[in-house]
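Okay, got some structures for you below.
You will see chain A twice below: alongside chain B first, and alongside chain C after that.
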Partner chain A sequence: MTLLEVAGLTVGVTRSPTSILANVSFSIPAGKIVGLVGESGSGKTMAALTIMGLLPDGIEVRSGRVRMDGRQLMDPANLTLRRRSEDMAMIFQHPQAALNPTMKVGRQIARVFSLQQGSGRSEAMSQSIEMLRRVGIPGATRVAQAHPHQLSGGMCQRVMIAMALACRPRILIADEPTTALDVTIQAQIFDLIRDLVAETGAGVLFITHDLAAVAEMCDSVTVLFGGQVMEEGSRDDIFRRPQHPYTSFLLDSVQQEVDPDVVEAGVDFELVGCRFGHRCRYAWEACGEVPDLFSVGAGHRSACFLHTVGENRVGTS
Partner chain B sequence: MSALLELRGLRKTFGRGHGALPAVRGVDLDVERGETVGVVGESGCGKTTLARMVAGLTPVTDGLISFDGSTLDGSSALRENRRRIQMVFQHPAQSLNRRMTVGAMLAEPLRLLAGVPKSETAGRIEEMLGLVGLDPAFRSRRPRQLSGGQQQRVAIARALMPDPDLVVLDEPTSSLDQSLRGRMISLLRRIQEVRGVSYLFISHDLGTVRRIADRVAVMYLGRIVEIARTRELFEDPRHPYTKALLSVAPTMDLDRVRERIILEGETPSPTDLPTGCSFQDRCPMVFERCRQEAPVLAAVGSYRSAECFAVAPTSDA
Partner chain C sequence: MWRYLGRRLLVSVVTVAGIVVVVFFIMRVLPGDAAAVRAGPYASEEKLEQIREQFGFSDPVPVQFVNYVKDAVTGDLGTSIRTGGEVTEELLIRLPASLELAFYSVLLAVVAGVPVGIAAAARRDTWIDRAARVVAVLGSSMAFFWLGLMLTFLFFFKLGWFPGPVGRLAITTQPPETITGFFTVDAALAGNWGLMGEAFSYLALPAVTVGFVLSAPIIKIVRSSMIEVLDSEYVRTARALGVRRREVLFRDGFRNALIPVTTAIGIIFGYMLGGNIIVELIFAWPGVGRYAYEALRVNDLEALQGFVIVVGLLYIVLNVVIDFIYSWIDPRIKLGQKVVA
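On to the complex of A and B.
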């Protein structure tokens, strides 16, 4: 069952023709973890902020639909999110920056209970401490009295997750949730997210540039480059049968020997057509147009003109 | 012949008295000529402090650093050792002078450390840019005109300009996108082949270290708990901390079957260490002796050692 559906989302810089997300679609089913993967500048965080209604000033939605349980969240008239759905919660890359530095963490979580369930002050506080326990914080009563700066990064990320869980979200958006953390702590956080999915059937949008984390966590994957969807499919499709040249490039660059003289170029947002075109070794004239997502298998789609000429397997060389 | 770099009983304590923080607590380590030694560990394990002591940026509290047969004590031949040991930092945007052109940044170490005549400077810069895969035109650019990957190439070039014997790299790929890390590794390897330089490569990223290091040292709370040749360490870790670390590091290998070892809790504070082994509170193999005395690095087979009573019982106890 699809919980959240994003369709044809185009997001741009105000008073500029540049689009930082171009016709992006993906959906999050209940009980599944969907990976949104890409390098810096791929637009993955912008996609999350759009869904949350948190786009910064100067960035505007140009077109698209966001639906939750089939109900439209985006006002088609002025393309603003009508209101932030209480069904969604987000955890951020830098929890210390996302938490309120002047408020004790127990109180920050308690406020969620007060606002959402109308809990009284002391009831909300005991709910908050219970939630801290659930995310594996030892000495939860003591930690609840701490300010964020008194806690480690791993602790703060647990507090963020506790706050997100307090909302009892049906969709959890996790934007690079462990990038700032050590692997032993990352493993604990990953387990927490998996537990949430198993217990509540929530859907998770898992945003990261770390392919190994995707292989570890996600059921399905959408690969973004320069604000365009390059490829989407199941975890097995993407890692075992990548069809798009960019996906292959990305996998190769992590696994294989690569030519050190190919100097890294950023994303060219002025580029017309496929934004991976200028870095793609298969690029030809056709790539001046934006390719459609071609079906290359059940639930597996790739946006590359190679698929129109029968070259439907790029391979990982 | 002695190793290029020899560390013996190296210690660094920040502050003194009650709140003193022992960041590095007695490290022995050798780096041979042309060798790459990786140092891995989680936040606060002391790996960056170790790197900075070797590079002469942080004063040593106790112990010996011997370089090419002579002791580095901060005074004798300081200038010559500055030339022979160079460092590359994690964030190139911060370590490069944003007001200088690439050419000026590369010329400075030649003038200050290597005493190269001005007439040769231009040629040396061009040669170096070629070695790090940058076009000669980059010499007139400033850091803000470069991508993160290009900036890190410049930082590597700058470190290599005075023709060092040892380059200390502190998380050189951590600020880069995953697709660039592989290229940076290939680049560093090529430089090593051409120049015969040794690397002390500090990182928390196990995948990156596995691809570049000849030997790997694992640090925990200021001590090396295990050291072995890269392949042996990754395929057959012995120390319980190394085992846990490797068991939870995400990989892209979908077929890997493994038992994940989730460590309880977080690393204890270095200001409040328990008596005995510092890993005892998180260790799945802990027994009585670990709580009474601290283990020391002891051989576990040829060319490898671990600091653990359970896997490397020492006879002198």
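On to the complex of A and C.
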């Protein structure tokens, strides 16, 4: 069952023709983890902030629909996002920076309970300690009295997750939740997120540039480049049967077999047509237009004109 | 905490010693002859010599210094050559006048500047923000003497709402019994509300003059630190969790902007500690600023030395107080430990 559906999302810089997300669509089913993958600057975080209604000043939504259980979250008239906090919650990349430095972490969680359920001060506090226990924090009562600077990054991310869970969200957006953490902590945070999905049936949008993490965590994957969706499919589709030249390139980059010229070319947001065009070794005249997403298998789609000429298997070599 | 205070005290002693040494020797190399000023233009050479002898100017400088330090540690800052009075006593009479004016000026500046700065940051690039920036530019380019004169002209001379610039109280009014030295507080403590009102009415124009000028830097610093905090990741978190706008603005926003704001208020208050010479002159305010000005005009060495040392002491006390405020508003700052950003 699809919980969240994002369709045709285009986001741009105010008073500038540049769009940083172009016609992006993806959906998140209940109880599944959907990966949003791409290199830095591909628009992953912008997509998350858009559906959270947290776009920074100077960035505006140009078009698109965001639906939750069939309910419109994006007002089609003025393109502002109106969501309830129990719809979605988000955890961030730098957990220590994402917590209020002058507030005890217990209170930071407790105020979410007060907000969500109208709990009184002491009730919210005990709910908060209970939630800290649930995300696997030992000595929760003591930790609740700590300020963020007294906790490690991993602890702070658990606190962040506890805050997000206090919203009882149906969709959890995890924006590179372990980038700032070391590997053992990363494994623990991943376990925690998986447990939550199993327990609550929430859908997760998992944003990362770490393909190993995607392979480990996600049920399905959307590959983003330069604000355009390159390919989408199940985890196995993307890893075993990549159809888009960019996906192949991305997978190769893990084995360090990539052409440095391609990497250093960056993203050209002024480029008309496929944004990967100037970096793609298959590019030809057709790439001056934006390709549609072509169906290349069950639930597997790829946005490349190669699929129109019968060359529908790019391979990873 | 006590260890911290002890260490601060030790450092303060060194600082004060430094101030005394520097001030003493700078004063000795200043041009001019205090004795000649005291004696008047037609004094004989013997008369001058007699005055130099009386005030100890004929001793070698190191001897003068030792004598000065010996007296200073007992609280005796010497004798004013201009008035013939004890410097310590004269400063203690005038200091509360300056401090009272400084206190109410900074209070006004904070009460006016902080909300304006917050509003400007919360509604960036709207008319509120633009108006706040205009006020800030006006305030920082406004000369004390011009604003003071204009306010006096309008509210005393034209409208008659406030008393004229004749000092802290009407000349015929008996000041309240000294407890704190703040006339407004002492009058209230004595239960004399009429006197308190009078003290406030005399304070109003100088305090507004200084307060308006000082509100400019406060508006600027509140606005910029609020903007920085409102763009922070933890404010984004609070918004993501659906925390109410008002709470985000104050609990996540302003609370975390307080450190730079406190620093700014401390600096401004410190700047006011020595009295505001121009405002004290315009409003005939009997404070230390005017005292120092008069002393400087006639090379009144010991009065000037005393002034600098007392202001230095106050500054040290102010800084300790501000450190305590820091540790109270920011849990990351623990007194006696290194500050980790």
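FYI, the second predicted complex is superposed on the first by the 307 of 317 C-alpha atoms of A that agree within 3 Å, B and C clash if a C-alpha of one lies under 4 Å from a C-alpha of the other, contacts with A are read in each partner's own complex, and residues count from 1 in each chain.
The definition used in the following text is that a contact is a pair of C-beta atoms (placed from the backbone, for glycine too) under 8 Å apart; a residue touches a chain by one contact, two chains touch by 3 or more.
Predicted model only: the values in this text are computed from it and were never measured.
Student: Let me test your reading of the model: by the given contact rule, A:A212 touches which partner, first (chain B), second (chain C), both or neither?
Tutor: Touch partner of A:A212: chain B, not chain C.
Student: With the two complexes superposed on chain A, say which partner A:M103 touches: chain B (first), chain C (second), both, or neither.
Tutor: second
Student: Check whether A:A89 is in contact with chain B, with chain C, with both or with neither, and answer first, second, both or neither.
Tutor: It touches chain C, and chain B stays clear.
Student: Which of the two, chain B or chain C, is in touch with more residues of chain A?
Tutor: B
Student: Could you look at A:F239 and tell me whether it touches chain B, chain C, both or neither (first, second, both, neither)?
Tutor: First partner only.
Student: Does chain B (first) or chain C (second) touch A:E39, or do both, or does neither?
Tutor: A:E39: touches chain B, not chain C.
Student: Examine A:T14 and indicate which partner it touches, taking first as chain B and second as chain C; both and neither are also allowed.
Tutor: After superposition on chain A, A:T14 lies in contact with neither partner.
Student: Please write out, lowest number first, the residues of chain A touched by both chain B and chain C across the two complexes.
Tutor: Touching chain B and chain C on chain A: no residues.
Student: Please output the residues of chain A touching chain B within their complex, sorted ascending.
Tutor: My answer: residues 39-40, 138, 152-155, 182-188, 191, 209-213, 215-217, 235-236, 239-240, 249-266.
Student: Applying the document's contact rule, which stretches of chain B touch chain A when the two form their complex?
Tutor: It is residues 42-43, 133-135, 147-150, 153, 177-184, 186-187, 190, 204, 206-207, 244-245, 248-254, 260, 262-263, 265-266 of chain B that touch chain A.
Student: For the complex, give me every residue of chain C touching chain A.
Tutor: The contact residues of chain C facing chain A are 124, 231-234, 236-244, 247, 251-252, 255-256, 329-332, 340.
Student: Of all residues in chain A, which touch chain C in the complex?
Tutor: Touch residues, chain A against chain C: 52, 54, 56-57, 84-85, 89-90, 92, 94, 97-103, 111-112, 115, 147, 149, 160, 163-164, 166-167.
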